[in-house]
Amino acid sequence: MERFKNILTFLGFDNEYKDSKIVVFGSPFDGTTSFRPGTRFAPSIMRNESYGLETYSPYLDKDLEDISVFDAGDLDFPFGNTKKVLDMIRDFTAELVEDGKIPVMIGGEHLVTLPAVEAVYKKYKDLYILHFDAHTDLREDYLGEKLSHATVMRRIWDFIGDNRIYQFGIRSGEKYEFEWAKEHTRLTKFNCNGLKEAVKDIGDRPVYVTIDLDILDPSVFPGTGTIEPGGISFHAMMEVISMIKDLNIVGADVVELSPHYDASGASTAVACKILRELVLAIE
Amino acid sequence: MERFKNILTFLGFDNEYKDSKIVVFGSPFDGTTSFRPGTRFAPSIMRNESYGLETYSPYLDKDLEDISVFDAGDLDFPFGNTKKVLDMIRDFTAELVEDGKIPVMIGGEHLVTLPAVEAVYKKYKDLYILHFDAHTDLREDYLGEKLSHATVMRRIWDFIGDNRIYQFGIRSGEKYEFEWAKEHTRLTKFNCNGLKEAVKDIGDRPVYVTIDLDILDPSVFPGTGTIEPGGISFHAMMEVISMIKDLNIVGADVVELSPHYDASGASTAVACKILRELVLAIE
Amino acid sequence: MERFKNILTFLGFDNEYKDSKIVVFGSPFDGTTSFRPGTRFAPSIMRNESYGLETYSPYLDKDLEDISVFDAGDLDFPFGNTKKVLDMIRDFTAELVEDGKIPVMIGGEHLVTLPAVEAVYKKYKDLYILHFDAHTDLREDYLGEKLSHATVMRRIWDFIGDNRIYQFGIRSGEKYEFEWAKEHTRLTKFNCNGLKEAVKDIGDRPVYVTIDLDILDPSVFPGTGTIEPGGISFHAMMEVISMIKDLNIVGADVVELSPHYDASGASTAVACKILRELVLAIE
Amino acid sequence: MERFKNILTFLGFDNEYKDSKIVVFGSPFDGTTSFRPGTRFAPSIMRNESYGLETYSPYLDKDLEDISVFDAGDLDFPFGNTKKVLDMIRDFTAELVEDGKIPVMIGGEHLVTLPAVEAVYKKYKDLYILHFDAHTDLREDYLGEKLSHATVMRRIWDFIGDNRIYQFGIRSGEKYEFEWAKEHTRLTKFNCNGLKEAVKDIGDRPVYVTIDLDILDPSVFPGTGTIEPGGISFHAMMEVISMIKDLNIVGADVVELSPHYDASGASTAVACKILRELVLAIE
Amino acid sequence: MERFKNILTFLGFDNEYKDSKIVVFGSPFDGTTSFRPGTRFAPSIMRNESYGLETYSPYLDKDLEDISVFDAGDLDFPFGNTKKVLDMIRDFTAELVEDGKIPVMIGGEHLVTLPAVEAVYKKYKDLYILHFDAHTDLREDYLGEKLSHATVMRRIWDFIGDNRIYQFGIRSGEKYEFEWAKEHTRLTKFNCNGLKEAVKDIGDRPVYVTIDLDILDPSVFPGTGTIEPGGISFHAMMEVISMIKDLNIVGADVVELSPHYDASGASTAVACKILRELVLAIE
Amino acid sequence: MERFKNILTFLGFDNEYKDSKIVVFGSPFDGTTSFRPGTRFAPSIMRNESYGLETYSPYLDKDLEDISVFDAGDLDFPFGNTKKVLDMIRDFTAELVEDGKIPVMIGGEHLVTLPAVEAVYKKYKDLYILHFDAHTDLREDYLGEKLSHATVMRRIWDFIGDNRIYQFGIRSGEKYEFEWAKEHTRLTKFNCNGLKEAVKDIGDRPVYVTIDLDILDPSVFPGTGTIEPGGISFHAMMEVISMIKDLNIVGADVVELSPHYDASGASTAVACKILRELVLAIE
């Protein structure tokens, strides 16, 4: 009898690396989380729970069984050393990009987006960012720290520059962040109005899509670090994915699920379904 | 001093069997549940919690105190023997139907609907089914099993035939189930659009209404076995009940509450209120 | 080294009493709660959790840092003596009103509104009440008790009289309460339609605003004593606050958060944000 | 077909009142609870959960099926009126005592013991009290209130007098209470050492046994209002019951289960098993 | 870049099948569970959580890194078909035994032990059973069903015969089961006294060890289907393992963890540590 | 009317800094936690919950009301910068020591002990450490990081040297750590045997006491990051405090409560009571 070690992948992805255009991986880091930590558990719990999900999407009329995605597992981070963690994500993403893959990262907190975008940007200098979030994430620093989930979009702006970051759903931040955004990013408060125009503007240029799941209302998604009432519905998020599905997406992430804070499991199920739809939309 | 044993009924129903047109009973079975079990606890927890609910409905402007409903308690099932459980439900429902009662069953998982419909169908050969659910439930078999919560509508179709099952709110299933439904049932994806027309088509023919509560969005109803983000709102469900209230309902059920998965109690409260409205609508 | 004792205030309010127009305080009483108690914990848990909230409101474009609010802490109640508790609230509120402050009380259960309104009414005989709630609260008595969360609006009516109480969002009560309201209050079922007209009618007369948070749907706010499915959304509540912000509000409260029943913390976050918006709207 | 309303009793007690020596009933009152309320839910949740328990005790080698106990249901209290609640308990217990029954009450908080003992004492002037608890409960008043869970043993002492109350397991109280106890009760700190001697002293005189379940360590019984680390084990409690089983017990209670605070259900299971053993020991 | 699919194993077991003497696998079945289901989740959650555990045991002074164990993953069961599930376990275990491996199964409910023992017994006709449990599991049938977690030891006795089953820790069952055990098994109530003698009696004959984790007190292990207060401590369980470590163990299992019922994770941690010690003891 | 801002202190400590010998403060840091984070919440939740605790200890027969302790609040840390956090703790503790106070720190994770001991050691070169813990904490590095909760005792050894650290209750670690300890620390496995001798050896030399609460068994204290079954009981911890109460304690801490992982609140209550006893013992 020949037997193989137990394998566990997101959504049952069962393809080889070399055959896959999309590579999903986990970045279980929550080191700069300022309120409730625990996004480190998101990748492993999503893998476990994603078995409850059908492979077929009635939204997009596509089936995961018809596409090829590879799950590379989680990066194995040290604890308490933010810089080293960011280096590891940047290096890993860069390898994927060099191999011609589209990285789809599961956070972790939002700071993990910074090194992933850096790696993608190295190849795609005309990169645009679609940023879905409750929070501006545009602080210059946070309690003196330059590298933080609360500064991540500002750090990306540092190298990507003005008007390349579209922000949607934003409903929380300091007053000065909203002011600053008027000059430097394209920020839409509360909802995703204007996404259709953004998609048209971007055209076929390369795009990185970062979804901070706290853009969703806490009724839909309580399992996150900082709860911000007043978010969008799950239906609105499905419309977002439908609108972006023809873009030239060269990288993406889904961040800020903190699964222990929603014992019902609903937040994890929401994250899994958005991951399914996102992967199907990219393909 | 004369004293009576402690009585506990749904919503405080306090009528005798012989005086009641509607009979509510519990079928605490979750033997084929494929993900998170626990719907077996729904009837007993709903009885306990339903005392927090007013008897008057401002939606329908009707009061439970003005109608007569009997709570027959729960069927007492063996564990691990699916066939025997289904036989017990079928026999019990048949007795109610013979006595001229309208059975309203509280699940348990969705497979309990099969024997209840079989018993009702024996009397009403022109029966129609209104099926509210997140899932198609149209698999030919599930991991080799013919009798499953995931096959229940297919098993009902086996004897009731084409175009007698109306399905609403469906947002999950295998691709082939959606294809199959195009020929054999009347399936509406995501919402309950078209219910008004269905009601008109059915006219005064006998109808069995089966409400899988996971048709509701997990924000409203996380306490269920398989969480499917993207469901309808509680308001939409109230509109459903308002639309069906003049139909000739000869049997009904409310299934798939798994109360332990929602520690806030909101899911149980939702189930209790839908039961109240359903009973008032049938009356 | 000089060091000060640990201070903890709602939303980090850091002003002195004498400089503040608004005074926030907690009334941790749940003695007449008929179903799930625990609103006594709302003020202390809201203080702890409110640190996660930004001071700036993108809804009102105002910042708590620009206004002066004082947190007076919680009243220290005896247990099991309803009358004494109400006396303490009445006396404390009266002192605030005498000092020219606007009291903003955090419940506790809804009965705490009675003595606060009595104190405010003593100064403002032409007082109007804006009442946001799932429940009528218009019972003449509740299980024989005149003083109850279920009778509070009726007790206020006893001295304030007809057509001075506007009720919004009401979706639960006994039939006779709805009938009684037709003559004596201005009750809107299910939603807040008609609030604009109410605001216009009231004009610049003094208003007390009482927000029973269970007006919100349980999907948004499960952490309360009696769960009533079918409530309004958080967006609708933000619109309410926007509509009332130019009224002459002379007192307000936010009641019925029972934080232990929502382990995700979402209900507490909702309560904190509504408190922030309410305070900014009054200012 | 003849059908009966749904009946639910503690431990499946299925006897008639007239045939039963022991009558169990619930007093779901928590109006003076000073920390975490919720003992009001103990009787109903214990009824539901007690079905998981075998009727046979391997500790006492006795079976509930061989004895006759009646479950009279719960008293139906008003909210917010402590005095009226105590009157109802006193009257009800007095009726049972007059009918020659042994009352076994399920709390609720510990104050419910006062009226029950008053009723029993009316018949048995030479009554002794066995009090198992973490707390002294000997305050003269609590925040000004004479009637409180924290004063209950002092109130009983008011009429029963010195050296008639044996207290075991006590590990919390004000310093003056421990001092006072030296003169007026027989208090054992931390454990139940000396119970054997107490049993011998009491002989065949009538005894009322009151078990505040927080005598158990929070590891065994976290589901209570005020958690006091350092309690006794479940084995120790079984020994207690074994030691008192030949006493002339004329009344008893089991109080202070607050089931919502232990989501695992272990505390409720502990309470049910102690109730089973207590009833078997009295019989 | 070469990359491998994500692998997840119990305790990080990282050996090949052919090199391993011990094979661990999961049997996620809870189909006959009579109270709270959910043991189906035990294997997957134990795999996830076991990463928090050190490989070195200070109890046995042994290290998992020094031995070779293979994790074969979970069997993939149908739902609602008890017989088929038992066949799959029997066949799989038989293959392992034929390959000369020692099977260590993770339940699931206790009925999974029956087919595993059947498979082991086929090879070892002089097999003894060491059974650690809160419950007798000796019913002839349970609600009419022969195959049940409550009958499993009786079914094993059917073929293994008198005095080959040693039972320890038993504290719950029907009276007749305890009677029956006196003739047919060697049952020790409440604790594991006499285990040393049993070990001596058995000598070097082959033994199957089945550990129903509810032998532990609910304070240690609340995460199980039927909570039975009065169990043994974790230290006592460590002593058990120390006492059996020189036996000729040819098969073993650890069953009845229902992880969702202990949100603290303590029960899962207990199960993982017992699995580590058991595997180290067998080696 | 004069009113003061809301004050919240551990155990209601109500003294001024200048009058107090003991200063309690919080270090809400969990940046190197390798499994379940959340110890950052311990100080604020302990402040809230400690109001449920009596000031009198029947163990020590001492009362907090008779001694003077100051609560300095929590240090306000940046997120994601381990080095800066340690600097802040070291500086703050040094100031306290200079002012002649005895620092009693509430963690946070165990790494916070390092800078506190460094500050105390600067003054007391002959310092001894009493270390109560489940874990050795003697790794040379952890995943490449020198500064970690898993290396904290090794880092203290780096400057304090051989045989100055007494370790009790240790039941988890890598094999090489146990080996290393034989040469360099005085490690007792599993329990606190030998503490009496240690106390005698130390005599009146200055001692720093660090209590990692996970020394307690998870049945007593599940609310921690890494659950290690097999710990000591609460009674054993009370004996520890009784044994050390005459030592010359010049600093102490209580770390590793992660309160969100024990929803029952028992772990927080345990931590509060140990803090009370520790403070009374030092006094």
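We just call them A, B, C, D, E and F in the order they show up, numbering each chain from 1.
Going forward, a residue touches a chain if its C-beta (ideal position, glycine included) is under 8 Å from a C-beta of that chain, and two chains touch if they have at least 3 such contacts.
Listed by chain with UniProt protein names: A, B, C, D, E, F = Agmatinase.
Computed from a prediction, not measured in an experiment: that's the story for all the values here.
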{"item": "Classification of the subunit B (Agmatinase):subunit C (Agmatinase) interface as same or different, half of numbers criterion", "value": "different"}
{"item": "Fitting subunit D (Agmatinase) to subunit E (Agmatinase) on CA atoms, where both chains share a sequence, rotation angle to nearest 5 degrees", "value": "120"}
{"item": "Averaged-CA centre spacing for the pair subunit F (Agmatinase) and subunit B (Agmatinase), given as whole angstrom", "value": "55"}
{"item": "For subunit E (Agmatinase) paired with subunit F (Agmatinase), centre-to-centre distance based on mean C-alpha positions, whole Å", "value": "38"}
{"item": "Multi-partner residues of subunit A (Agmatinase) (at least 2 other chains)", "value": "36, 217, 219, 261, 263"}
{"item": "Chains touching one another, given as label pairs in label order", "value": "A-B, A-C, A-E, A-F, B-C, B-D, B-E, C-D, C-F, D-E, D-F, E-F"}
{"item": "Of subunit E (Agmatinase), residues touching subunit A (Agmatinase) in the complex", "value": "1-9, 14, 17, 23, 44-45, 47-48, 70-74, 95, 99, 263"}
{"item": "Touch list for subunit E (Agmatinase) against partner subunit B (Agmatinase), complex", "value": "30-34, 36-38, 40, 76-82, 84, 111, 142-145, 147-148, 260-261"}
{"item": "For the subunit C (Agmatinase) and subunit A (Agmatinase) complex, residues of the former touching the latter", "value": "52, 54-56, 58-59, 63, 217, 219-220, 234-235, 238, 263-266, 269-270, 273"}
{"item": "Subunit F (Agmatinase) residues within the subunit E (Agmatinase) interface of the complex", "value": "35-36, 170-175, 178, 189-190, 217-219, 222-223, 226-230, 261-263"}
